[in-house]
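Got a structure for you, written out below as structure tokens; questions coming shortly.
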Amino acid sequence: MTNQQLSENYHRGKEVKVSVTDLTKKYDDLLVLNDISFNIYKGEFLCIVGPTGCGKTTFLNCLSRFIPTTRGDILVDGQPADPTHHDMAFVFQEVSTIPWLSVEDNIRFGLKVKRRPPDEVERRTEQMLELVGLKKFRSYFPRQLSASMEQRVVIARNFALNPDILLMDEPYGQLDLKLRYYLEDELIRIWQEIGCTVLFITHNIEEAVYLAQRVLVLGQKPATIKEEIIVDLPRPRNFADPAFVKIRDHVTDAIRWW
Amino acid sequence: MSTSNVKIAAKGISKSFTTENGTIQVLDNVSLEVKTNEFLVILGPGQCGKTILLNCLAGILPPDSGEVILNGKKVTEPGPDRGVVFQQYALFPWKTVRDNVAFGLAIRHMPVKERYEIAQKYIDLVGLTGFEKSYPHQLSGGMKQRVSIARSYANNPEVLLMDEPFSALDAQTRYSMEKELLSIWEQEKRTVVFITNNVEEAIYLGDRIVLMTKLPGTIKMEFPLTSPKPRNYTDASFLEMRLAISEETELAL
Amino acid sequence: MANAAAANLKEKIGAVFSFVIFLALWQVASMAVGSEALPSPADVVAKAQEMYTSQIGGKSMWMHIYYSLRRVVGAYLLAAVTGIPLGIAMGWNVKFRKIANPIFELLRPIPPIAWIPIAILWLGIGEGPKIFICYVGAFVIFVMNTYTGMRYTDHLLIDAARTFGATRRQQLFNVAIPASLPSIFAGVQNAMSMAWMCVLAAELVGAREGVGFIIIQGMDLNNSPMIIVGMITIGLIGLFLAVSLRYLEKLLCPWRRELQ
Amino acid sequence: MSTAHASALEAPATSRVKGYWKEYNSSVFSLLVFLLIWELVCRLGFISRFQLVPPSEVIVVMIEKFWTAPPDGATLFTHIAASMTLALVGFCAAVVVGVPLGLLMGWYKPVMVLVRPLFDAVRPIPPIAWIPLAILWLGIGIEAKAFIIWLAAFVPCVINSYIGIKLTNPVLIRVARIYGASNWETFIKIGVPSAVPMIFTGLKLSLNAAWTTLVAAELLAASEGLGYMIQMGRRLARPDIIIVGMLTIGFTGALMSYVLTKIESRIASSRRL
């Protein structure tokens, strides 16, 4: 099957969750994002890769309304994206556990801000503690945890909301290889179990190919979408598998940043 | 391995520290030998005592038992024959790039003109021409680490000890720094002991990889790397080696 | 950059605006109270004009300022010359620290102002006790900041110097002291404001000249405009001293220029 | 692992734990020498009794002052109680006003733009310089002193709360905002808790400033309190009274800071910061 056919098959019959049209962002005179349009489908795992400083993070910030867009629309379920209405969740590049809250209170935080009923807060928190395997550490404080446990707390806090979309901004950038594998597998497992829409941003091509159903390649500033690649490999994937390496090399060629 | 071309060696080094929660054994009988102009990578998980090992090699910390031998002589103190590149750069914030690079030469009371000439050579080598008069806080992380490398090189040490020099950098800078370090090393060969917790970096740079265990740190295994440099991250041999090494490492949760 | 300039302008307008509100409130309050105790801004300006052109207690206003400044600057320089070396010695030499620290720790919690009575007992009521009080106040800060700076010198920098073969002496002069400069400079600023406060306190308790004398004279004469003019003068001089020191720091520590 | 190093500047220290005595013997020794020299200077008549008395006599006077009122009109306890009450009242009032003001200034730009210029304008005037005006306005009673102490303690409260909340980790603010928290909610749930360590630093500075200013105020206008006690000592040319007063001022001040530090570490440990 050619890439073209793959792509057509992939898009057919999917329900759009987020639609981005003509998204443009300028800082004063600096054009960072230039006319970006694409859809994210319901329940999809989408990865965006591109060189550092290509505007990936700016894009996420526009999507979550941290910063205003210069032009273009971002619609979630047909409505303009807005964190107060949509259940969005965000895993940041930096560790974002709240240092003065215990593990369980960290997980409760989002639910409480969303004013969910107390029994639901408790139920979801328990579920999440179980899911990320931190039951024994529920009363620990972030600084007593290792980096990977902290990242799992953050993931639990976000999945607890049963979010419509989960945005992840290079969450595993600073972790060592083995740990990254482990957390990537965890993420896939939780995503398959809960089934929400994930938008994962990374500079690491291998990671993108390992995780995604579909990869979008961003070019250098001002960022535009250079290519779309469907990854139709079965899971669990193997990074030494020739088919995997082929896609990885293809993505690398598409970016050609070094 | 014949002992004649061994540059620096650790013999049975043990080290422990006393803390509030009792004594922690950090290194347990670690021995290794580094040949002249060899690029040795010590790979280990976070907190495995590899930094302590490097500090012992540098002479900054005295080992509890065992000894460090440089050119057949026992090391007791830090000295200009061993240059150290620190993870947090350890640049002098009150000195310009040029004065930082020339620091070791100034300590030896080399005349100003001469030392600036040498400093300039290494500033050029690491690609910081034009930044001689900048202060460290005006530089990015990658640039700071270049200054630190130049500072060590300028002092003309026999052995370069590098303590996770790129771990504070973002991924892309890290890739380009690895590449650059390799080309500097190809131009001016030195005996290098390079510490990292990143498997890819280890395979990319090393002539030989020494894998360490978690605390107390011991040497678990050695991997000689023979393929020519620069290596390709997606080569089958590279990926195989990565798999082989990561199978041997422990998952630090 | 255009945004930064706009923000800056907004801040300036805000500042002017808040001062106008403040002056208006002051005016209204003084009219409402209608007593000597709360003069209006205009009264204060008139009084300032009068004070700076006539004599108070046999000396012009400028002479009073000169007296206060002389005390502060003299004591301050003396404190710097003695305090900084002591702090360096305490930070660098363990033996010395163990000997000097307990005495220092015993005397440190006593506020310099509490030394006023004994200083007067020891040195009479002339210049002596005033300079002494300022000296005590500034000295403690100089020692503490230098000492803290030395103790918290990044160990990595010392290690780095050692790997280049620096001798102990070179480690002190080439690394530890320059690395402590930011902390010392923080001390330089704090010591000045402490000295300035101390000279005021000393002049309030007993003096025939100086800005402290001016405001206590105002109190004795039940003349609140005079006190307020004195206070504003005090504030302006304090500000002037602080700004000059900050300028000096920029001059002497070029590597910190863009940190602030 | 670099935290395992000995403190920065000591020559390479042996990591063996030495005896308590060995650690402190030179300190004790140096204190003893200090006292001995002081004693000798007085005993050998180098200095007049009206200027300095030997430490042995200071100790005797200190013990006596616990129950005797003369010559300064009150026992040591009365003085301590008077001073501490005043300092704590001023301090608490400053905290109640200053901390919220600083926090609001740090979070809400309009508050900052309006308040900051006035604050900056008043700040260079040392609180002590307000004493004459305060006395003129409020008389020589407790109100004037409380006002001045409040003023002195107020400034560090505001500044540190302001800086503390300004240093809030922006990622945490974004965490709250992405969940749809309002600005006020983010302020309460993220801004304020993350400012707590800086606020405590401010409280310590405030307490210190309150205590210093209290002494100044009592030197000028009081009928009891530790500042009044040392002032009386001067009038009566009784160095022993002054020194007892000074030591008590130092000790009481240190004690209050110590209590505050304990409270802080209690709070910090409950949050495991």
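Which chain is which? They are A, B, C and D, in the order written, and residues in each are numbered from 1.
What we mean here is this: a residue touches a chain if its C-beta (ideal position, glycine included) is under 8 Å from a C-beta of that chain, and two chains touch if they have at least 3 such contacts.
This one's a predicted model, so the numbers in the text were calculated from it and none came from an experiment.
In summary, the chains found to touch both subunit B and subunit D are A, C. Ranking every chain by how far its Cα centroid lies from the centroid of subunit C, the top place goes to A.
For chain pairs C-D and A-B, the one joined by more C-beta pairs in contact is C-D. Subunit D has its Cα centroid 18 Å from the Cα centroid of subunit C.
Rounded to a whole number, the gap between the C-alpha centres of subunit A and subunit B is 35 angstrom.
Centroids built from CA atoms put subunit C at 47 Å from subunit B. Residue positions 154, 156 of subunit C are each in touch with at least two other chains. In subunit D, the residues that touch at least two other chains are 2.
Contact residues of subunit D toward subunit C in the complex are 2, 5, 7-11, 26-31, 34, 50-52, 110, 113-118, 121-122, 124-126, 128-133, 135-137, 211-212, 215-216, 219-220, 226-227, 230-231, 233-234, 237, 239, 242-243, 245-247, 249-251, 253-254, 257. Interface residues of subunit B, counted against subunit C in their complex, comprise 55, 58-60, 77-80, 82-84, 86, 88, 90, 92-95, 103-104, 106-108, 135-138, 155. For subunit C in complex with subunit B, the touching residues are 154, 156-157, 159-166, 170, 174-175, 178-179, 181, 253-255, 258-259. Those residues of subunit A that touch subunit D in the complex are listed here as 64, 66, 83-85, 88-90, 92, 94, 96, 98-100, 109-110, 113-114, 141, 143-144, 161.
Subunit D meets subunit A in the complex at residues 171-172, 174-181, 185, 189-190, 193-194, 196, 271-273.
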